[in-house]
Amino acid sequence: MKAGMPARGLGRRVRPGVGPAVLLAAVAVCAAVPARAVLPAETGATKTVETLASPAPRHWVWVNDVVFPHMADGTAHLVDGDSGRYLGMLSTGASFSHVVPSRDGKLIYSPEIYFSRGTRGTRTDVVTIYDAATLKPVTEVPVPPKRASSLPALGVAGLTDDDRFLMIYNFTPAQSVSVVDTASRQFVGEIETPGCAFALPTGPRSFFAMCADASFLAVELDDSGRAVRQSRTEPMFDGTRDPVYERPVRVADTYYFLSFDGKVHPIRHSAAGFTAVDPWSLASAAERAQGWRPGGVQQIAVHAGSHRLYVLMHRGGRESHKDPGRAIWVYDLGTRRRVQQIALLHPLTSIALSTDDQPLLFGLVAESNVLDVYAPGSGKLLRSIKDVGTTPLLLVTP
Amino acid sequence: MKAGMPARGLGRRVRPGVGPAVLLAAVAVCAAVPARAVLPAETGATKTVETLASPAPRHWVWVNDVVFPHMADGTAHLVDGDSGRYLGMLSTGASFSHVVPSRDGKLIYSPEIYFSRGTRGTRTDVVTIYDAATLKPVTEVPVPPKRASSLPALGVAGLTDDDRFLMIYNFTPAQSVSVVDTASRQFVGEIETPGCAFALPTGPRSFFAMCADASFLAVELDDSGRAVRQSRTEPMFDGTRDPVYERPVRVADTYYFLSFDGKVHPIRHSAAGFTAVDPWSLASAAERAQGWRPGGVQQIAVHAGSHRLYVLMHRGGRESHKDPGRAIWVYDLGTRRRVQQIALLHPLTSIALSTDDQPLLFGLVAESNVLDVYAPGSGKLLRSIKDVGTTPLLLVTP
Amino acid sequence: MKWLDRITEQSTRAIARRSSRRSVLSGIGTLLVGAAALPLLPVARGAEGPGHAQPAGGRAADPGDPAACDYWRHCAIDGFLCSCCGGTQSTCPPGTEMSAITWIGTCHNPGDGKDYVISYNDCCGKTGCGRCFCNRNEGDTPLYQPGRSNDYNWCSGSSHANIPYHCSTARIVGAAE
Amino acid sequence: MKWLDRITEQSTRAIARRSSRRSVLSGIGTLLVGAAALPLLPVARGAEGPGHAQPAGGRAADPGDPAACDYWRHCAIDGFLCSCCGGTQSTCPPGTEMSAITWIGTCHNPGDGKDYVISYNDCCGKTGCGRCFCNRNEGDTPLYQPGRSNDYNWCSGSSHANIPYHCSTARIVGAAE
C-alpha cells in the first residue's frame, strides 16, 4: 500500500478539478463495459413485490416496536440474523405489543388496536392474520376493544400449545382474557380473570394468569374455547418483598420466572396443578453485594435444546430493575450453575435466542433502534443492524 | 467561591455515607420550612386540563409536522416564541400538511386523513375544526378522500380572505379543489383544476391554482362556494428554465414567488386579472457566480408591516434547491435592495415571521426537531426550542 | 361525527358511571392491599368532586423543577412529563383528558422531609407528547400488580379516557402514613 | 373486514380501470410535455402487462450499491430506499403494493455512460420503512409540475395503491433520448 501512495498523491495534483463522481465514471467505463450497452426496461416486469420463505428460517427474528412517540403506528420488523438483512415489516396499529407466529410458520397473528380518528374516536380491536410469505393480511377477527395497553410483554397474547386458540389479555382495568378460535377465525368469548393478568399457555386447552397476590389462576378450556374449569393456587413466590418479572420463559412443562432480586423460580405445571420448584440465585452473595442484578424489558431468554438460561445483568439498586443489561450470564438449567458470562459491547434491554441447534442470540440495544446479533457459544458480537423500528422492545423468534 | 471550598471538602470527609439526595433534604429542611408542613392533596382539584389564550398572541407559532417515519400520526405543535414554552399540540392524521387558523383566532381548521386500519383500509378525509382555547375538536366536516399527499405546502389548504370558504387541493392524480363552507360547516363541492395545483386565495370569493406550464388558473366563487368563473392566464414565469417554488408569500394584492435560481417574481392580482411585475434577482452576478441561491422547504417569509422579504440562502448547484439555508438575506420590497444579512447558527429549512410590529423570526433547524427563534432586527438567535415534533417542516404564524 | 357525540356523551355520563367503576376498582384494590400493603386508596383517582386542593405551595415546600426528571414527585413515573407538554405536574395539556384511574408511587419530598403518595394521572387523547421522557421506578411493581405499575397505559381503562397516551402528571394524593 | 374486500375488489378491477386512468394521465402528460419537454411517457407506470424485462445486468453495467443514496439511479429520488426495506431497486418489500403511477428522473449511468429515464415507483400500504432515507433532486420540479416532482406521495393516487407511503424503488424505463 505504501508503494502506491506517491502515485496517488501525484494523481491528485495533476487532476485538480476531477471529483469522485467523475473518477468513478472513468473507472467504470474503463472496466470493459461497451459504451453501447443499454440496460433493459424494468417497468414492464411482472414481479413487483418480494415474497418470503415460509415457514421462516429459524435465524429470522421479529422485532416488535410499540413506537412510543407515535404509539398509533406500531410496527413489527422481520430481520435475518445470519445476513443482517431487513426482510420486511407489518404495520400493527396502536399500543402494539407483539406478533404471534403460528407454529407451522405459515401465519402471523397480530392483535391490533385502531381508532377511527387515529388517536381518538371509536376504538376497534382486531386480530389481523397475515400470510407469512406475503406479509399481507389474510383476514381479521374482531375482538372486544379491551386489550391491555402496556409496556410490551409476551403474556399479552399467545397461542395454546396446539395453536387452536389465541388468547388476549384485557385490562380496562377489569381483567379478562379474550379467546379467538384460529380454526373458525372467530372470537369465542371472554374469560374473567379478576385480579390476574396475562394468558400464559400450559397445554392445548389450558393457560394461567398471574395474580397480584403472587398466586396463579389456572384456566381449562373446552374444544370450543370456553372456560370449563378455573382454580386459584397459593402464592407461588413472595410478591411483596421480591416479585418476579412478568416475562417468564418456558421449557416444556416448566416456566422459569425471574425475581427483581435475581432469583430463578421454576414452576412446573401438570394436570395435577402447579409445583413451585426451589428457587435459586443468579448471583453469589459477593456478587449481590456488588449490586449485580437482572434488568431490562425482556430480561431472560432460554435455549431449550441446550437447556440454557440467558439473563441480562447489570449493577444497581432495587429500583434499577428496568435498567439495561451490561452482561449476559448463562446458566445450565439442570445444574443451575453459571456456565458463561458474555460481555456486551452495547447495553441491551431485551434478548431472545433462535430455537435451532446452532442458535443465534438476539439483543435490542438500549435507547436505540439497533438489533445486535451474538454467537452465544463464543459470546462474540456478529453484527449490529441499525434502523430497525423506532423504539423496539420485544423479540419473537419463530 | 474559592474560600468555601476547603469547608466543603471537609464536610465530605466527615460524612462519607451521605449521598446527594440526603444532603439536598437537609438543606431544604434548614431553609425555614417547618418539618410538619404537608402539601395539600391535588387529586380533588377541579382544574385538570389547561386552556389557552384565544385569540393566540402574535408571538405564538404553529409548527406543522408530517412525521415522515410515521406518517399516519401527523401533528401540529403550538409554541410561544417569547418564552420558548411548548403550549400544546393537535393530532392531525395521515400525511398532514398544516393547520389553518381562522383570522379571528377562535378556531383552527385542520384538513386530516384517516384510514380505518391506520395505514390501510378505507380512507376518510375530514376538516376537523378545533377550538383554539381548548384545542379540542368542535366538529368535523367530511370531504372527498382526495387531498394531495405531498411535502407540506401552504397552498394545499387555505381560507378565502373573509374566512368564509376553506379550499383544499386534491391530487389523485387528477387535480381539483374541494370547497368547505365555514358558516354551514359543510362540504360545498369540488372544482376541477386540470393541470393546475393548489388553491391560493386572492379575495373573499376568489383563488388561483398554479399550472404546470407556469400559467395560473383563476377561479371565482359565488356566495355558496361554487365556481362561477374560471380563466387561464399566459405563463407567468419561465416554468422550464427557472421554475418558481410552490410556496409564495403574499402582501395584500401581491404574491411574491421565488425562482430556483433566485429571482423574485411579484405577481399582482385585481379584478382585471394577474399582472407580472418585473422580476428581480436576490444575488448579484458575483454572488451567483459563488453559488448563492435560495433553498429549503419554506424558503421565503415576509413581514408585511415593514415590507420586508426574508429568504433562506446557501451556496450550491441547481439541484440544491431543497438544501437548507445557511443565511437569511433580507430585502426591502419597495426598493428591492438587500438591507440585511442574518448569519444562521444552525441551518434552517423553513422560516416565518410573526405578524405584529415587533416581530419574531422563526426557523426550523434542518434534519432536527428544533425551533429557532431570532430577533429579526438584530439578527440575534434568541432561543432554540428542542423536541418540537419529529420531522417538522412548515411554520404557520397566527 | 359519531365519535364526537360519543366523547360528549361519555363526559356527561361520567359521574353517573363512577359508582360502578369504583366497585371494579375496589375489587382490584383488595387484591393489591393483600399483595403489597398499599394505602387505602390503592388506585388513585383523577378529576372528581368539588375541588378542595390549593396550589402545592412555594418552591421551598415543593422544591425542584417539575419539567426535570429528577423532580422529587417523579420517583415512580414512566412517560413524558406534562410540564414539558403544555400542562403542569398536576394538570393536563390543552385538549387532552386526565385519566380517572392511574398508578401511584410514594416519593420523598426533600422540601419538608415527608413521604407523599403521588398519583401519576396520564393525560390522554392525543399522540405521545415526545418531550421530557422520564422513567424512574421506585416501588414500581410488575404488570400483574397494577396499582403501582408504571408500565400500563392508564389512558386505556374503560373510562371516557379510553384513548391514546399523551403525557403523565404527578399529583399529590396525600402524605404517606 | 370491508377494507379487505375493498382491496381485493380493487386489485381485480385495476386492469379495467387503467384505460380511464390513462386518459387522466395523458391529460397531465400533455401539460407536462409543454412545460418541461418530458419524454413521451411523462408519468411512468409500474406493474402492468406481461413482463418483458430481464435483470438489470451485472455490476459493471449497473455499478454501485442500490442500498446507498449515491447509487446512480437515485439522482432524483426522495424517500426510503426499498433496497433497505426488504425490496430491491426494482421491487417492493413483501406485503406492500407498487404504485402504478409515479415521478421520473433522468440519471447518468457511469457503467455505460448513458442517461436513463428512471421511474421512482413508490411502494405503498405500510407505514414508512424508516431506513436509508435519501433525497436527491436532479431535475426535480415543483409540485405544480407533477411528472418530475419527488415531493408527492405517489401512493396517494386514485389507483388501488391509495394508501400510505412505505419506500421508493428506482426502475429503469429506458435510455433517455
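Per-chain numbering from 1; labels A, B, C and D assigned in written order.
Here is the rule we use: a residue touches a chain if its C-beta (ideal position, glycine included) is under 8 Å from a C-beta of that chain, and two chains touch if they have at least 3 such contacts.
None of these values were measured; they are calculated from a predicted model.
Farthest from chain B in terms of Cα centroid separation is A. For this pair, chain B with chain C, the centres built from the Cα atoms lie 34 Å apart. The mean-CA centres of chain C and chain D are about 48 angstrom from one another, to the nearest whole unit.
If you average the CA atoms of chain A and of chain C, the two centres end up 29 Å from each other. For chain B, residues that reach two or more other chains under the stated contact definition are 69-70, 72-73, 91, 94, 116-120, 137, 140, 390. In chain C, the residues that reach two or more other chains under the touch definition are 126-127, 130. Per the contact rule defined earlier, chains pair up in contact as A-B, A-C, A-D, B-C, B-D.
The touching residues of chain D, when paired with chain A in their complex, are 1, 4, 44-54, 56-57, 60-63, 84-88, 90-98, 108-114, 116, 119, 121, 123, 126-127, 129-132, 171-175. Chain A makes touch with chain B in their complex at residues 67, 69-70, 72-73, 91, 93-94, 112, 114, 116-120, 124, 126, 128, 137, 390. The touching residues of chain A, counted against chain C in their complex, run 68-72, 94-95, 115-123, 145-146, 148-151, 153, 155, 171-175, 194-198, 209-214, 239-240, 243-246, 319-322.
Residues of chain C touching chain A in their complex: 2-3, 6-7, 24-25, 27-28, 31-32, 34-37, 43, 101, 125-128, 130, 133, 135-147, 149, 151-153, 155-158, 162-165. Within the complex formed with chain D, the residues of chain A that make contact are 21, 24-25, 28-29, 31-52, 73, 75, 78, 86-91, 130, 133-137, 139-140, 387, 389-390.
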